[in-house]
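In the two complexes that follow, subunit A is the common piece, with subunit B as its partner first and subunit C second.
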Partner chain A sequence: MKDPKNLEIEVAKLVSEILDEPISPEASRLTVAGWDSLKHMEIIFAFEEAYGVRLDEAEMAALSSVKGLAKRAMKQA
Partner chain B sequence: MTHKVTSQGFFERCAWAECLFAPHPTRRALFGLKPAWACREVTVRVHRNHSFEHVISAAGAWAAYAGIRMSWADAPYDDALSMQGLGEQPDLEVIWYDVEAVQSALGEEVTGWLLSRAQALRKLSNVPILMVVLGLEETAEQLLHKQIGVVPGLRLAPTAQVLAGIANPFDDRLRGMSGSRLSETANLMLAKHIACRWLPAMLAPRLKAVIVDLDQTLYEGVLGEDGFQVRLSAGHAALQSALKSLMASGLFLGVVSKNTREDVEALFAARADFPLKLGDFSAVEIGWGSKSDAIRRACVQLRIDPSAIVFIDDNPGEMLEVAAHLPEVGLIHAAQDVEQTCRNLDFFPGIWTWGVSHADMIRVADLNAVIQRRNIGLQAADKTAYLRELAPELEIWIRPVALRDRLHELSNKTNQFNLSLSRLDEVTVDAYLQHPDKFAVAVGLSDRLTDSGVVAAMFGSIKDGEITVEEWVISCRALGRELEGLIAASALRALAPDTKKATFRYKSGPRNSPGLDWLAKSSGCALEHEGSVSITISTLPAIADLPINLTIHPNERS
Partner chain C sequence: MRHQHVITGGAFRLRPIAERDAEFVVALRSMSGRSQYLNPISPSIDDQLKWFEDYFKREGDYYFVIERTVGECREGLISLYDISPQDGAAEWGRWIIAPTSLSAIESVVLLMDFAFEKMHLQKVYSYTVAENTATNSFHDSCGFRRIGVQMARFNIEGRVMDAVRHECGMSDWAALRPALAAKSLKISQRINRNAPGR
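Our next item is the complex of A and B:
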């Protein structure tokens, strides 16, 4: 099983690549201006592809932070 | 398209191609690609009823590979496509529409309604229109495709066909959050088609030739070492078949290889299993000199500019040499994974076409006739004997609406004999065909060797009996037969039999000296950089003086 901290760093890197700006593991839609609804979907697309996850609609809306996404990836693992 | 490759940029583009044309490209990988080369800015306005943002954000990397930087301006979501309040004209209009919203209300009338919306947009905008329609059955899409000719400059993307190749094109989870039912796989697939196929095919003429290396490119192995035992893997067979299909669609094939000619001829003679035969290549340059020089010679044989070719080679050193000396040549590195090379070729910007015309199909055969024609010319006692031997036939169509696409193509692709370099768009060509004071004339040429198809286009206006030729182009496939004056005179006489003089507009460009030389000689005037000169039609050759058959189709407007 992956270390949760490492997973958060990995997810932060993924989010950072989509947003094209540095992102910390603490980041969320509330703290990053560029993480708007359009970018959020692109993060979801990249997240699903990277972790082999298929989120339901409620999860797509709810997973709006690096930590939340990392936790979901951990659950999948 | 702009895809000038510097030596420095070559390796970077190879790395890009590996990512862009991977079997399953990912959004994350695409987002990591930032072009170091200059791209042409293209503004695109989107008229839509579902979101396109996730497609265009992914399309950026593919577009950059094509030398395009897309700048998007979107109209508001509108199921009715009312086209209200449009601002400044972009370079391209896109109708991005999911018919699901109106299918139940319109039923089978949906295709007619879509066409009416494209017609409405055409009244407001002169630029090319790309229609990407989601939710049409393939048969409905084909029906609409047959009807789009009524709107000049409109192209219908084969969306149903593209999505049919995807296991799950739709993803109902996304409707609410992304504003479209397209799955991520479909987003990426459409992005690739838009950026590498549909946009390049709307914004620039198609490439004209694919030139290939032999060893480790068309087959596995080295002819000089392995002899005829070089291996044809399944991937190499697929690549050869793809090249053969491109040839059938009107692209020339050429070979540039460091080998001996005898070995190459013997190899092709011995390997019946090769899908490609040596005779399929319209230019064969075998020797030990530099590849860039060989490519230049091949281009002369093919009568095309190096910017109109793509070159495939397995050797990075050779590719770098070509990039250094011919940066305008498109390059595809023949990877060890041949399927990757096939995918790269399949989506190389400028390769794809909206349709294969009669002119495309006869192009290769027509070039082969050039050598035979030259031999006849050498043996003929004089020009009359030469023409009698060739038995040319001219066909002239006045205002031929049905030939609008070919007239547009001639104006945009012809470089050498193109007097004013107007590069008319389809809407303007249509205006020449339809407006009572304007005219467009198409000229077809055939002889006993080949049918060259429609080879010349004349556009102009007639006012108070005065003819002004605003654009006059003759394809290079018709040059070299000394028929330029006759073609011009026949077109003008067919258009207005009583007219004595015609004024020709001209503009000097980098490659149109053959046309300008003819104009200077025919008018007896020294030409400036740009301007107009008159020609007395009676000084041009007359059809009655020469053994040539002429057929005139007086008014093809309706």
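Our next item is the complex of A and C:
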């Protein structure tokens, strides 16, 4: 099982690549202006592909932070 | 104005707003976290119905409810208004999406299709409170052109706010639409796959 902190760093890197800006493990839609509704869906689909996760609709809308995504990836592992 | 336009997409449709939506409008516009960038409205349903009376008389104003194609659950609002026949331009706005809704991209694709394909407009534009960075970012991400800032365009509860103007011309939309429609399709397929009864 991956270390949660490392996973957060990994997810932050994935988000960073999509938003094209540095992203910390503390980041969320509330703190990053560029994490808009369109970018959010790009992040969600990239996350699913990277971690072999299939999110339901509620999760797609609700998982809006690096920590939340990392926690969900951990659940899948 | 009273209109009959229904624009249907993969998971959502835009349909004309009606009196029965008054409560929904008040609830959505008053939602915490959403109201800081919106002109305040009365919490009274009767007042909203009076606003509708004026709206129904106003030509060139198309107000839509964003709802699910399956189940007809209402998830947002969007409008096209201030249509200028002289220059073929109109403003789009009154755009509010429920916090848990995935309708943002599809609702905009449907409204742009309505503006350019049904209304045959040459250009649509929007004004967004400059402080509303998430919505301005969405416009940027869509590829709409950020034209500039209009100082002191909004006065919301005594707070004077600047506005960012974005524009999208007909040829811009032709170039932007394929990518946005593809994203919208991917989302709608996921929503429909998970929909009850599917």
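To be clear about the criterion, the second predicted complex is superposed on the first by the 77 of 77 C-alpha atoms of A that agree within 3 Å, B and C clash if a C-alpha of one lies under 4 Å from a C-alpha of the other, contacts with A are read in each partner's own complex, and residues count from 1 in each chain.
Note that contacts are C-beta pairs under 8 Å (C-beta built on N, C-alpha and C of every residue); 3 or more make two chains touch, one makes a residue touch a chain.
Here the structure is a predicted model, which means the values were calculated and not measured.
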Open item on the list: Which partner chains sit in contact with A:Ala77 here, subunit B, subunit C, both or neither? Use first/second/both/neither.
Closed with: neither
TODO: For A:Ala62, decide between first (touching subunit B), second (touching subunit C), both and neither.
DONE: second
Task: First, second, both or neither for A:Glu17, with subunit B first and subunit C second - done: first
Open item on the list: On the A-aligned overlay, A:Arg29 touches which partner chain: subunit B = first, subunit C = second, or both, or neither?
Closed with: second
Open item on the list: Quick check on the superposed pair: does A:Leu38 touch subunit B, subunit C, both, or neither? Answer first, second, both or neither.
Closed with: both
Task: subunit B and subunit C footprints on subunit A, overlapping residues - done: 37-38, 41-42, 45, 56-57, 60-61
Task: Residues of subunit A defined as touching subunit C within the complex - done: 29, 33-39, 41-42, 45, 56-58, 60-62
Task: subunit A contact footprint on subunit C (complex, rising order) - done: 97, 99-102, 104-105, 133-138, 140-142, 180, 183, 186-187, 190-191, 194
Task: Interfacial residue positions of subunit A with respect to subunit B in the complex - done: 14, 17-18, 20, 37-38, 40-42, 44-46, 48-50, 55-57, 60-61
Task: Residue ranges of subunit B in contact with subunit A within the complex - done: 26-28, 31-32, 53-54, 57, 173-174, 176-178, 184, 187
